[in-house]
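Each chain carries a letter (A, B, C and D) given by its place in the written order, and its residues are counted from 1.
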Amino acid sequence: MDAAHALPPVIYGLMAEFDDPSALVAAARRAYEAGYRKMDTFSPFPVEEAWEAIGHHDRRLSKIVLAGGLTGLLTGIGLQEWVHELAYPINIAGKPLNSWPQFVPVCFELTILFAALSAVLGMIILNGLPAPYHPAFNVPRFERASRDKFFLLVESDDPKFDRQATLEFLKGLNPSEINEVEP
Amino acid sequence: MSAMDFSAIRSRLAGSEGRLYWRSLGELADTEQFRDYLHREFPEQASQWNDPKGRREFLKLMSASLALAGVSACTKQPAEKIVPYVRQPEELVPGRPLFFATAIPFGGVATPVLVESHEGHPTKVEGNPQHPASLGGTDTFAQASILTLYDPDRAQTALFRGEYRGWGDFLIGVKDALGNHRVNQGTGLHFLTETITSPTVLEQISLIQKTYPQAKWHRWDAVSQANDAVYHFDKADVIVSLDADVFAGGPASIRYSRDFATRRREGVDVEHGGTEAAPAAKPMNRLYAIESTPSLTGAKADHRLPLRASEIEAAARALSGSGGGGASFSNPNAQKFIEAVAKDLQAHRGTSLVMAGDYQPASVRRLARALNESLGNAGATVTYAAAGNAPDDPAASLRELAQAMDAGQVQLLVILGANPVFTAPADLKFAEKLAKVGLSIAHTTHPDETSVLCHWNVPEAHPLESWGDARAFDGTVTVMQPLIAPLYDGRTTAEVLSAFIDEQSGKSAHDLVKDYWTRAYGGQVGGFTITDSSGQPFKSAESFWKHVLHDGWVPGTGGAGREAGGAAAAGAAAGAAAATTPERSSNLDPRTSTTASAATGGLEIIFRPDPTIWDGRFANNGWLQELPKPITKVTWDPTAWISVKTAEDQKLRDGDLIELKFRGNTAKLPVAIVPGHPDGAVTAFFGYGRGVIGRVGQAPEDVAREFDVYRLRTSDALWFGSGLEISKVGRYVIARTQEHHLMEDRRPVRDANIEDYRKDAEVIAHMGEKPPRTMTLIPEWQYNGYKWGMAIDLTACTGCATCTVACNAENNIPVVGKDQVNRGREMHWIRVDHYFSDDLDNPKTYHQPVPCMQCENAPCELVCPVGATTHSAEGLNDMVYNRCVGTRYCSNNCPYKVRRFNFLLYQDWHTASLEPLRNPDVTVRSRGVMEKCTYCVQRINYARIDAKREDRKIRDGEVVPACAAACPADAIVFGDLNDPASRVTKLKQLERNYGLLEELNTRPRTTYLASLRNPNPELETARAATTHD
Amino acid sequence: MINPPPATYDPAPLIEPGHTFGSITDKIATVVVGGRTPITWFVVVSIGMMIMGMLGVAVTWLLIKGTGIWGINIPVGWGFAIINFVWWIGIGHAGTLISAILLLLKQGWRTSINRFAEGMTIFAVMCAGLFPLIHTGRPWLAAYWLFPYPNSMAVWPQFRSPLIWDVFAVSTYFTVSLMFWYVGLIPDMATLRDKARKRPQQIIYGVLSLGWRGSAKHWQRYEHIYLLLAGLSTPLVLSVHTVVSFDFAIGIIPGWHATIFPPYFVAGAIYAGFAMVLTLAIPLRKIYGMEDFITIRHLENMAKVTLVTGLIVGYGYTSEAFFGWYSANKYEGFMIWNRMTGPYWPYYWTLVFCNIITPQTLWIRKVRTTPILIFAVAMVVNVGMWLERFVIVITSLHRDFLPSSWGMYYPTVWDWMTFVGTIGMFIVLFFLFIRFLPMISIFEMRTMAPEAKLTESEGH
Amino acid sequence: MSQIFHRSTNIWSKVSILGGLVFAGFLGWVVVTIAWSGYVTGQGVTVDQPVQFSHAHHVGSMGIDCRYCHTTVEESAFANIPPTKTCMNCHSQIWTNAPILEPVRASFRENRPLEWTRVHDLPDFVYFNHSIHVAKGVGCATCHGRVDRMPLMYQENSLMMRWCLDCHRNPAKYIRPRDQVFNMAYERPADDPGIGERLVKEYKIADARQLTSCSTCHR
């Protein structure tokens, strides 16, 4: 999260607060058009338009989960075939060593298990969690981001960021409030 | 609560198409009462511990145990000690068992056996294949005797008035006691024994009688098998049983079962020694049973006529065409039946056989003998002892003693083996009279009802601890040698008697026996002509003795010379008895009756020894207690048998507790309704309700004490009598291993009449469907090495259950106790299933031993999550105890339900005295582990290793599982299916070979040979219509 | 199969009018943080604890003595342990169904019930999982022989056995359900963290929320995998009860060996599950005054699902009976006949009454919209579904192929204590959850608030 | 609002999670190592014996054949522990009053057996048969190691099931000519790689399917 700078910034960024998702989305779009890139919005529930507005879409998870699933499948096949054909080949109930139809259920379960695991871990890791500390929390009113308020944060290490100008710009989005975010 | 509606049953049976089998009667009636009966039978909240504590604890104790150390791979094994010999015996190879020939007397008659011994402790009893009275077979009692040997409740030291004494003290005690008898020639000196056939002991007795002419010797057998006839089933085509149960166990039944089975099969299958032309040459024998209490013999019979015990004599008369013609029988079919039988007998003069029951009066025995003689059977199919061995009145001798005691004439009473206080007829009041005896000596295996009332108690050595000799049922003298030094201070009868003979006093049993036979060899005693089996004389007494010890029997006393032997045996015994046997009371003339036949008023009571614990002597033997009794499959308790009709009349149901009132005495018994039991009669079994014996056999201080049927027995009605009154007094939970005796239309037992089978051998195959081997998608496993399989011949099987007990002994199978059996948790690896069919009042009865089928497509293996049961390269369905987690899925999925589960810790981990009993070659299973028949894989491995070391294949018959080895009828055959020459392969090629539930395509390796019967067409008409479905 | 309600009558709303982000948040969150705990909670939990104590005693005794303390025997090798296992695992299914399948089907009404339904799943699976563990009487072995790992014996599990499939299915099901549940909780944990005023609460919820801050970038990935998880759970939940049904269907015992088992078991599971959700939801909304969020509409929809699945189950029974006769197989035929008329006939007919007759009342709208009536029906179904498992397990086993080995099964006091004990365990776990976690998904409820709709202002 | 957590917690949280995983793995490793160590299997552990009997001396130096004491190894499952008599055969002549041998003499005098502690102790549900292994060319040293170099006896191998299986699956790897079975020092001829397979054929040793059937060792 913490971006590296030549010289330590005075502040982490500027944060505008809005009362409803529509206002947030509108503001985010404006900021994006204005050329800001290093920014983020915060909302008490997922607002699809919001991340579209700030131009974020991460598709890596699909591939991760697919990979996870395949790994599980192969594990299942490999494990059972190895156990029954190589590790200890023995006559069970007169069934052939490779009773593949009876190996299906375990393969299936392992596929699901691995896929699900990779999905959850993938999400957590890509989101850089756990991160109990974040500058945004320095803003007292930010606790309402998990209740009923909506925030737009422009980070100070955005090339276009200028403490004054950006502040003016945000004011223009008529937020209910604007805060400076300490690092 | 009214009795179940039997008319409903009848109508169902009548209205049903073809052959109908039924389950337990209640279900057939399927009445409300039956359901609530079921529920009362098993109270839902029944606590785990409704068994008397002491008793339950002991159940564990009756089975050996070996900690499954390190069942879980992580446990660290405790350090184990190895204790080598200081000086190692020559013949002993640690790790390899030795076999010794000896004998186990039963009621004085020898059962010849080989005993397996591991590092000096006997673990298993097998039959003696060379002995004419065994031919390798055994019976339940011989098999179970090994458990009695290690029974921790055995009498352990000599006691005088309850205080510890040594053997030496006893000898002195006897000397003192004999003091004045020397003067008065032995007046007031009395001996009481059971039947004795031991030449050594008989000589001792005659010596004593020389020294003390006034001494009296009394004989009392609670259940006397003494019968002066020896049957030769191998020569008999038509056999008639007059209430004789020749398959019930006991020394004679072993050889009888074998001969009978052989003759039954020879006529059918080439493989059983017959020829293509065999059927004509050697017809299958035909067995008629005219009997009272349903017996194994009756079950095997081609035709059975249920009569009250009191009517048997009349039947015998009618049969011999002498007088009884006009007699009226309780059974309407009797006349027709007897006529047909008589006709058949006449048609087979010289090859027929009439057998009189041991529990019928002498008159019936005489009638039978007369009949045999007139038919020219005597000497052919039956041989008789010169002198009648069994006294007319078995109680006379004992009565005389009782009178003497009462008159205070008995100063010194020596009781050897018998337990009169428990078994004597009630009217003799033996117990109170015993108090009047000056000095009493009891020589018993366990502290029992008699010994606790005697001054001196001398522990009796177990046969496997003893030197001795005895005659087999056919007279063959059989020598006993100890397998182990007496565990306690036990002594043999000969040793005890030696105390009364100056020149022998204090001699060891070994010396006594060897001395006798050395003199016998020299011709001084016994009058034996001693040669080896080939008729040649021996080099010396020593070589003769060695030879006898090795073979276990004295050639020339039996075998070829069975008649002579029989005579000698009986003669000797009779001579013994002669001392007191009163004058034969008239009627040697078979035509006059001795019994008041036809019950007048009230019911008739019939006494029988218990099928498993006999006269009570095996009450402390867990294996026999838990062995399901034939027909009823009841364990641990006696039952009173009544017929269906009687049950209706008396409004009784299975499990009702009734009070029996007979001649003023009372006892209580739970009811078992037994189809085929004569109407208007009740069979009560001796042996239960013991007051003193041991932790297993001792009846708890509750109603079970009143199960003592001896209380009802009077000396004028030793085996049956009329005037019994019964009344229901409550319910009693009986533990059965089989509740359902109906085959449905599933045909687990397939049977046919020999004629139909000869006409079309396919008839057996058509009774079920067998999927073709091609009917599968998956490739088959090939078995190229050995391919083990088993064939069980239901034509031969008599249902004696010896296989079950043999399996117990071989495979360290635990005893679980009544409560657990009642919950359906018995552990027998091979069970004997029992089914009825046809006529409710006189059904056909079937027995079917069911071990693990060792399926090639084993359903159990498929579902085991840990692979604890898998298939070996030789096609065995292996069970790996140490891998088993105990999901019980395998048992659920086993269509034969032959798997057994250790629901609790059934094994005993504490009792030291039982440790040596275990078969060291078989893992002892712990709690939570599934187990089942392994085809005695330990024996297979043993043979395979020997064969490999000698670089050869295992020979046919080299591997014999315990059940097959023990089977007296040779009904179980085991071997290699890949060996075209092996017996089992040949048997499986017979058309009457079929697999149980083979339609499931489990491909069982154990298969059955259908049961064939040889009915008399004249009597068959009734059933002909319903023989096939 | 679940369609929006027909327009024949106007359905109750999914959330009572007048609620804002704030009001929703406060109403639900106060139960956990800062709110006063209602007395009923203590009563219920302590009762639950007591019942759970019985489980403790029963299991301890089991480990000491072995499975012999139960009523099982040969031929009936499986008893309460398996019956309860199947019953509980079945109940679990409704939770996943609601949270996953209804999500995929875009059923808005799932929102206010999915959280505690998932909770129910987790706890039900816990109760279920207990039985395979203890039913060998030697759990220590079950634990380390059923999972494949390289060992000193060089032997492995036997993967052809349905029990092994069970091990994998159930453990997978539990893991995935747990993750699904937790992921759903993360944003609400954040809410709790921010609403909490006590330091310990702040820290605990802070840690659990992983520092969630509602960033759009996070929301995007979050929504992405939440959908994926739903997609994975759907086949999973179907597979789990299918595998459970294999425990029987793979066996050759008449009454078990039936191809209809998988679908009929899955339907049965959902049936039982919804019955249980209703059993829990109806009292809950009363106790915590959640009528605004769990409205009649929710109850009615669930009642409908119950009815439908109930009909499928009914079909299952019918076809069992039909094929018993139609197969002309003596064993099958006898099996079904024995169920209907044998010693256990009362169980069978009670089961028919509970599972087929009773739910028919749900055709009536009055019943569907009267909480107390729905509750009653749900209760009956709970019992019925337990009886179904009893009938399948016991009556099939107690009289199979060879009449000689037929027997009876009678549960002992220990069986009952174990069974009832797990119910106590379930109650305790569930109410602990109610107390310490939001019983309704707050952030999803926010999206139900009218103000959540985006008003297309400027921009494209 | 004020921060609940300090800046550093971001790092700590991640580190602790990873650390936890690593630690769990470590624990697993410890358990396995102990379970498979001599502490549990008894491998390589010498145990106290009533007499400090040295195979190294008797076999190594004196060159006494195994079968002189372990008489039944060729005919029985159990390779007989020698009776005291066997010891006394020699020790009634030599070292007749060596204090170390007192227990032996005592045993012989008082006819009281010596109590040795088992060194090779298989679980009770495993049925091993010496005679067949010896007959099929499994050398003593193959399982028991160079006993002739062991002053005090110890268990050379783990005796774990997988160790047994190693040979039962592929005997060719281990067996030797019958006449070499009791030769402690036997080495396979380097110039004859095929010897194993050849002997397996010659001695008609069963195939793996037979040798790995459960009932071969468990009953």
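As a convention for this text, contacts are C-beta pairs under 8 Å (C-beta built on N, C-alpha and C of every residue); 3 or more make two chains touch, one makes a residue touch a chain.
Remember, it's a predicted structure, so these values are computed and weren't measured experimentally.
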item	value
Chain pair with the higher count of C-beta pairs in contact (B-C, A-B)	B-C
Euclidean distance of C-alpha centroids - subunit A vs subunit B, Å	81
Where subunit B and subunit C are represented by their mean Cα positions, the distance between them in whole Å	57
Between subunit C and subunit D, centroid-to-centroid distance (C-alpha), Å	53
CA centroid of subunit B to CA centroid of subunit D, Å	48
Sites on subunit A at which at least two other chains make contact	88, 90-93, 95, 130-133, 137, 142-143
Residues of subunit B whose C-beta touches two or more other chains	71, 73, 859, 862, 867, 870-873, 883
Sites on subunit C at which at least two other chains make contact	151-158, 160, 164, 193-194, 206-207, 210-211
Pairwise touch network: line, ring, star, complete, or other	complete
Complex contacts: residues of subunit C adjacent to subunit B	65-69, 71-78, 135-138, 140-142, 144-146, 151-153, 155-158, 160-164, 167, 247, 250-253, 330, 334, 341, 343, 397, 400-408, 410-414
Residue ranges of subunit B touching subunit C (in the complex, touch as defined)	23, 30, 35, 38, 42-48, 71-73, 738-746, 748, 820, 823-825, 831, 833-835, 848, 850, 859, 862-867, 883, 885-889, 891-893, 895-897, 899-905, 927-928, 996-997, 1000
List of subunit A residues in touch with subunit D within their complex	1, 88-91, 130-133, 137-143
Of subunit C, residues touching subunit A in the complex	20-22, 25, 148, 154-160, 164-165, 168-169, 172, 175-176, 179-180, 182-183, 187, 190-191, 193-195, 206-207, 210-225, 228-229, 232-233, 235-236, 239, 243, 246, 443-444, 446-447, 451-452, 454-459
Touching residues (chain side subunit D, partner subunit A) in the complex	1-10, 13-14, 17, 209, 212-214
